[in-house]
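Across the two complexes that follow, chain A remains constant while its partner is chain B and subsequently chain C.
The block that comes next holds the complex of A and B.
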């Protein structure tokens, strides 16, 4: 295996995932496992965002639209229609892809780009939030509760370790998918569209179709995160499912971790939430402290490491002895720090 | 037989007529030149031929098929490739990855696309820069990259928009045989160029555009002598200078062959 394969191949994914899979064997603290499950769910949502924005250059401020769709589909199908939890989860993923396709079709076909596209996605998420908050079948403002009924058949587990492994398996699957996309024609075309859409079209790239595929896939992945969130916390309301907090989480993690890199979302989510948990140990529970930290980290990253943690790691490795550079450091400009959202306490 | 036919194409931008009822045809296997002063409408005509803008009126036919309404990426698939006068590299990608995007059009597997990209890079002299980021290239390198990417799509018709602009004389001398070699393996070329020596020595046939209108067509020697063209294109007194240049190039070309 050449040095290049080491930084662009599947081996690092296998190693990282294997290492993370061992964690529940050594960590028994529910608080820590809870933190890790939540962080993996964020990482999964962020992986969806990263595919569209990091690789495809289409910055969304509204990934809550997908997260919420996956979450509500899981809850509503089980509670109102008695559908099996796994089926509901899969349907949620499909609906996430569909919502992605619809948003993509409406905005990309009319040529929306940059901040216009970002604002349209934000608007979609907000409309869905308002609808979910007022509709009857979503439980309205009171929210929706999935009855506790622990059994593997119901996608409910006794131990947090089991949830951890499920979340890790989903994150791992997307890591592999991402790497495969990087090496496929689709990945090359997606990055080409990000870098220069006119040039890509001149080279035979159907930019609209590439962007639609990317947003559908992105929506499916982030919807999976929403579905998993519903299974884990067993409670949703409109602000949790479709609220701006998750749109911001989904974009912060890849920006901090490394836009358009396979590991960026996971690394970013772990770094951000690790920092905010650590801060609680030192300064105690101050409401909103995590947002302060997120903001500070974002400013530091944008100012000093615009290619994120993965970019820094790559540079250090090159300096230390020339393992060849990874293929495509994304350099798409990071969006301006979003205003701090009022975020519901994370149910735990 | 023609590979490309432009029929009565007019392109308006608001009140401005950038291309005015232009008709031309390109013979397969030829290098056809399109020249004219700045702002004549050459790039606009390329934009229409490559599908990046629809003509206000008129038709474009590729291999006798009407493609006026075919999308740009479809035209690339059919075999029309273009370069951009203002180079449009995928800045953060390496040279070989840039070219591979073009090669992916006809090679589904990454390994095949990369192999094709390396082959094309060698053809245009980019082999030493394969792993450099595109944004690190010099102007000459970027022009070569434009050419390589277009070539990697496996075109039958190649539209080159001022690929020699901004190059120094020795870089231009290096590029001319590259363009000849592309034609030699069967790719038809329509080239917009300001560098007169290059146009005169490369082209079989030349069209002259001035203020959106085609004012002349013919082989280089005739175009160079056409006083209309020379006056419209270069202003007063240019005819003699140009003929002197054409003479020199002719001798140089002979020397090269010998």
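The block that comes next holds the complex of A and C.
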């Protein structure tokens, strides 16, 4: 990789992460840090979704299956088996990848695509939710509580800032991973499968293998978000871990931020949750009015910026004329935005 | 040379010095009189639990209004800092952080167990006293958190009491009920409760014919009702949230399924005037073991009338939050300071009895109020009556119904 590649591809990541890493040094408000930690956890889950759907074109409605697996693994291994929190966290990531592989193998082998694949993932997440709700070792409907024992050895920190840095480090690692994938053969194959699977196959791409790799990686990343959630909030039940809320959060952030772009999930999560918090500031005591404003603004954003915030940034840069579309590092590195799911719905 | 207009005369100097001395020498208490005491009122006022959250907020607001109307806490007014937990644990945690930033001295509320678990834990990082209003999960007070107090009863206590009272009510009627069908929602309390009842009822002479689970929300209860009809039990014990129980009761009424009794435990509807007013026929004679105010106390009756006069529905959230805020105010007054550790210690040592619940003086052991207990209610003639314990029952149980 040339020095130019490094500077155009990874420099923006280094700059953004370095800038974000400074935040706890200047922001002492735990309210803001708590908001940022939660937003970064969502961003991490969304990065996992973006890898599979944004780059690979396989839209999932059930990323809760991975999030919940990572979260439950972290909690159960610690509480029931006394495993160290970091080991439990890593095992959770591995199990997330495994669940991804199993779901991918079962559905991709059957040739499921587009909305059919989306519905199957939704069903998997729901099945896991119901199982977790009734099984004894998950704590059943009463949920599972990780005992509060603040110590770095237990992956529990006194300050919100420490959690923030851990979450940011994970998000940064995935940013780098995504950029590396974009530039690797695997990334090109993934985009080829997204754009036209039949053509990719004709060119010798093993579509099944590519999609399986993508869903396993995607599962691992989203499971990391689940594990981090468990360590941060220390309480889980089936609805939190496998509930539809996280599946929606994970897909909403990249769609708003920019599908199939490195920064899309992070920008989307920050924009969505920032908007949600900002709308709370501007309203009075009427419960839920902030959600109304949030919903209205979201509709406007999706209506007028269908390619997400990153798309708007790209358009503004091009309009300013400083950087042409072809030479722009972001647009050169990122593949074209993913097509709408309906274009994928060719009969299996 | 003329005298400077800015010169200070001896008299002015003395006056100024006297005023300053008086101000500095005044007790901190007097100086702080104008500063209100901020109390966090955390409820899920949006999302799936919005109704309960709004009811809880009404109770807390009325208590604050009453305390402030009577001169506040030693002259200092209570200023509520409202938070919306959005029906999620992370929503509750975020609000705790905001309340901490706003300088509240304690937090009351949470409603659902997951919200209470996460929020009280977030508050414990700041030694911020947290009073759980409803959350029944026994995990809430078994974590060793010194900041967390629960005024109401927990799950274990409620189920134990529900079983004991059921046996007594049945015995008093000559043991007409021998067979039971359990209907429960498949979430936090429903499943746990069903399992416990399944184990305990046979030990007390009841035969459990069937255990029927349903999801929340459920849109149709016909299948459940048909299975109840097929089993033909003496007693139906439902543990569900509001919508599902209303649906079940109505379906049973439509299909003319009439067991000898419906004995609900911690039910979302059976002790809810909305259900009683909207579906009086389906609600008639339904028994419940739940949180309820003490009908003997004048203050509880006055509170009930006030809530109705405001056009609101009476649910147990109101007296529980009302009592919790009063308990906190008493602790602050006894602590003589708004220091968190002092309030926490005052709560732990509290023997407060000026509340509207049927608990007697408070006595906290590991954060749990030992006197807290549920009561048995029954819908009779379009009203909700207390039928058990006998000490403060305002009606006798109608059992068996058929």
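Everything below uses one rule, namely that the second predicted complex is superposed on the first by the 297 of 348 C-alpha atoms of A that agree within 3 Å, B and C clash if a C-alpha of one lies under 4 Å from a C-alpha of the other, contacts with A are read in each partner's own complex, and residues count from 1 in each chain.
The rule is simple: a residue touches a chain if its C-beta (ideal position, glycine included) is under 8 Å from a C-beta of that chain, and two chains touch if they have at least 3 such contacts.
All of these numbers come straight from a predicted model, not from anything done at the bench.
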Which of chain B and chain C A:320 touches, first, second, both or neither: neither
Which of chain B and chain C A:200 touches, first, second, both or neither: first
Which superposed partner A:291 touches (first chain B, second chain C, both, neither): second
First (chain B), second (chain C), both or neither touched by A:19: neither
Touched partner set for A:38, first chain B, second chain C, both or neither: second
Chain B versus chain C as contact partner of A:234, first or second or both or neither: second
Contacts of A:30 with chain B and chain C, given as first, second, both or neither: second
Chain B and chain C contact sites that coincide on chain A, given as residue numbers: none
In the complex, chain A residues that touch chain B: 183-185, 188-189, 191-192, 195-196, 198-207, 327-331
Interface residues, chain A side, partner chain C - complex: 29-31, 34-35, 38, 130, 133-134, 140-143, 145, 147-148, 158, 233-235, 237, 239-240, 245, 285, 287-288, 291
In the complex with chain A, residue positions of chain C that touch it: 45-46, 50, 53-54, 82, 84, 88-90, 93-94, 97-98, 100-101, 113-114, 117-118, 121, 124-125, 137, 139, 143, 145, 186-192
Residues of chain B that touch chain A when the two form their complex: 50, 52, 71-73, 76-77, 81-82, 84, 88-94, 97, 100-102, 104-105, 108, 110, 113, 149-150, 152-153
